[in-house]
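Each structure below is given as structure tokens.
What follows is a pair of complexes built around chain A, which joins chain B in one and chain C in the other.
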Partner chain A sequence: MKLAVASGKGGTGKTTVSVSLAITMAQRKRVAFLDCDVEEPNGHLMLNPVLQHKEMVAVLVPEIDEQKCDSCGYCAEICAFHALAVLPGNTLVFPEMCHACGGCWNFCPKQAITPVDNYIGVVEEGRAEKVRFVHGRLNVGVAMSPPLIRAVKAKAKNDELTIIDVPPGTSCPAVKSVEGVDFCILVTEPTPFGLHDLDLAVQVLHQLKIPCGVVINRSDGLDLTVEEYCGRCKIPVLQKIPLDREVAEGYAAGIPAVLVKKEWGELFSELMDKVEEVVSS
Partner chain B sequence: MKIAVSAQGVSLKDPVDPRFGRCRHFVVYDSDTGSLTAVANPSGETSGGAGIQTAQLLVNQAVGAVLVGNVGPNAFKVLNAAGIKVYGGIKGNVENSLELFKEKKLNLMSDPNVSSHAGMRG
Partner chain C sequence: MKELVVISGKGGTGKTSLVASFSVLAGEKIMADCDVDASNLHLLFNSSVIRQIPFYGLKKARISEELCVKCGDCEDYCHFGAIDNSFVDGLSCEGCGVCKLACRAGAIEMVEHIAGQIEFSDTEYGPMVHARLGVAEDNSGKLVAEVRKMARQIAEDKNYELIITDGPPGIGCQVISCLSNADLVLVVTEPSRTGIHDMERVLSLVEHFDGRAAVCINKWDISASNTGEIEDICYSKNIPVVGKIPYDMTVYNALKNGIPYIRKKDSPASTATLGIWDSLLKML
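Showing the complex of A and B:
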């Protein structure tokens, strides 16, 4: 099963939940943890994996052969992303704008354009005790993360429980991370901000037709507004995680919640049971 | 030489637009013939690359100089490579800006003065 842990709002506890869930489930079955928050990965800080394998990830960008180019301007005209500017005798490429659609190198009338690799980041793999660990690291200054997220997700295997730590927000990186999963856990906090962004995430998941359930982190035990929202949208509340100072201190020191409080293993086992119940129903 | 002014309208009396990539129009003054034309800029609603596309528009118009409020890095790179001179600090309407240009009171810019996406609405 492929399971995403997302939130909409940042800082609600995606990593707390995904890391503790991975550690708990790895006692029972094969688990892979994929950190798709390639702009600021942090799963490794909690899981301390030994990274054994690293590969560079590139996207294709156009390269202009100035000998063949006659500055006709067709490439700039058809580029939907404005990644090319054609000046008399000089064609400029803006690799950071390019989406590698291939329009320019396929349709240049002079065949003056060839695709070349533009390296955007790395995928690193290793093990954190029983958990197979994969994450991506986007190069500083690169704006487009989905191709790297795709490369991280390509490391998933069918015979494992794959837990994907999704970047915050509801734009392309989050959409790319949740695409194709069997279920998405949405971690929220009982605050107006948390609820507002939870709703955005729910709307995205509904459009993608991905079933989801909610985990209320830093629960005050009441959480009426979140529960009311979930009731209205017919989304199951899968688990509540109490606000706990020791867990917060552990997080700041890079210690997963489930290792700070061994008894919380039960809490994450229950969460997984509920996810399986919802997925199979 | 053709001099383009980033503007909110099509005439000399229309206010300038401080944004480059997402300005509505360019009012283009030809200093050789004294003629005045307006060029619509379709990049206002584009999702990204407005500066590059707008600079390309001016290259295609064979403009020699552009008078702007702000210009970002990608647009500046294209304008610079095309040899189009960029003058900053325009205010008021198109006519005032052309006067300031003729009196050599505008700064010739050697670098972009805002970051990418500075002219995005919202």
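Showing the complex of A and C:
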């Protein structure tokens, strides 16, 4: 099963939930943890994996053959992303704008353009005890993360429980990360920000037709508005995780919640049971 | 005119609560909420939307059933896997127009596509520009640029001296789009391993684009040792730490009540925030 952990709002506890869930479930079955928050990957700071394999990820960008180019300007004209500019005698490429659509290198009238690799980041793989670990690290200054997210997701295997840590937000990085999963856990917090962004995340998942359930993190017992919302939208509340100073301090030091409080293992087992129940029904 | 951009790398470190409090303290200014995926600043104000304009994203391909000869060329040329059996998947289409170039039957046109809304609001602390990106839309970097442009225009019209911009999390296109021509970038971090890691990446980003950065540490007393490490990192990079905000339930309670926490005067967090604001004004 492929399971995504997402939130809309940042800092609600996605990594706390995904890491603790991975550690708990790895006692029972084969588990892979895929950190798709390639802009700010955090899973490795909590799981401390031994990284054994590293692979550079590239996207294609145009390279101009100055000998063949006659500065006709057609490439710049057809580029929807403004990644090319043609000056007299000189054609400039802005790789950070390029979406690798292939328009310029397929349709240059002088065949003066060829695609070349532009490295945008790395995918690293390893093990954190029983958990198979994969994450992506986007190079600083690179604008577009989806190709790297795809490369991380390509490391998923069918015979494992795959847990995907999704970046915050509701635009392309989040969408690319959740696409194709069987279920999505939405982590929220009982604040107006948490609820507002939960609603946005729910709309994205509905549009993608991905079933979802909610985990209320830092629950202070005053979560009625979140529960009312979930009731109205017919989304199950899968688990509540209490507000706990010890867990917060553990997090600060890079210790997963489930290792700070061993008894919380039960909380995450229950969460997985409920997910399986919803998926199978 | 000066623009202060507030970002964090990691989400949930307190950017928006801090920006809302700055908005209470600042004189004449305009607020720009550039977290266009999940804008939250309006939730801390009494705001009403006075005007909305559509945000056009990149166009999307449309295939005419009548003209299409089912040759499959468009599908072969599409690098995004957005065309299947002469049907365009709007979510995958990035609007490059390559299919239109490839189509020999002239069956494809690129059609305008509204990807979101830009909204202009009045709040008790001044005007605000914010946006709603459509669900599962891309091109959010361009929307961020539009929000900032509109805010600057209003500030110019009203002769305001300051723009306060609430930025998105991460280090990708939206954040990059927030950095160009910013006068000062405030990075809000927290003393956790993840907070430190993400702060270092976002500071590298600001440096990469030749920006001027300052750091403030939220909930600093959660871990005094991590706070010390953050101060050391900033010292070695020659980046000023403009203040440390203690862990204070006042902030959380204000958020739950939908008001900027600075309005709860004399709380430890408010006192620290006054000091930060003074430092930022001096830097600006």
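Everything that follows uses one rule, which is that the second predicted complex is superposed on the first by the 281 of 281 C-alpha atoms of A that agree within 3 Å, B and C clash if a C-alpha of one lies under 4 Å from a C-alpha of the other, contacts with A are read in each partner's own complex, and residues count from 1 in each chain.
Criterion: a contact is a pair of C-beta atoms (placed from the backbone, for glycine too) under 8 Å apart; a residue touches a chain by one contact, two chains touch by 3 or more.
In this text, all values refer to a predicted model and were calculated from it rather than measured experimentally.
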{"item": "A:Gln27 touches, of chain B and chain C: first, second, both or neither?", "value": "neither"}
{"item": "Touched partner set for A:Lys9, first chain B, second chain C, both or neither", "value": "second"}
{"item": "Partner chain(s) touched by A:Gln111 [first = chain B, second = chain C, both, neither]", "value": "neither"}
{"item": "First (chain B), second (chain C), both or neither touched by A:Phe94", "value": "first"}
{"item": "Per-residue touch tally on chain A - higher for chain B or for chain C", "value": "C"}
{"item": "Partner chain in contact with A:Val86 - chain B first, chain C second, else both or neither", "value": "first"}
{"item": "Chain B versus chain C as contact partner of A:Ala76, first or second or both or neither", "value": "first"}
{"item": "Residues on chain A lying within both footprints (that of chain B and that of chain C)", "value": "81"}
{"item": "Partner chain A, residues of chain C touching it in the complex", "value": "9-13, 16, 36-38, 40, 43, 58-59, 77, 79-80, 91, 94-98, 101-102, 133, 135-138, 140-141, 168-176, 190-195, 197-198, 201-202, 204-205, 208-209, 222-223, 226, 252, 255-256, 258"}
{"item": "In the complex with chain B, residue positions of chain A that touch it", "value": "73, 76, 81-88, 90, 92, 94, 97"}
{"item": "In the complex with chain C, residue positions of chain A that touch it", "value": "8-12, 15, 37, 39-40, 42, 45-46, 78, 80-81, 99-103, 106-107, 138, 140-145, 167-175, 190-193, 196-197, 200, 203-204, 207-208, 222, 248-249, 251-254"}
{"item": "Touch list for chain B against partner chain A, complex", "value": "46, 48-50, 52-53, 55-56, 59-60, 74, 77-78, 81-82"}
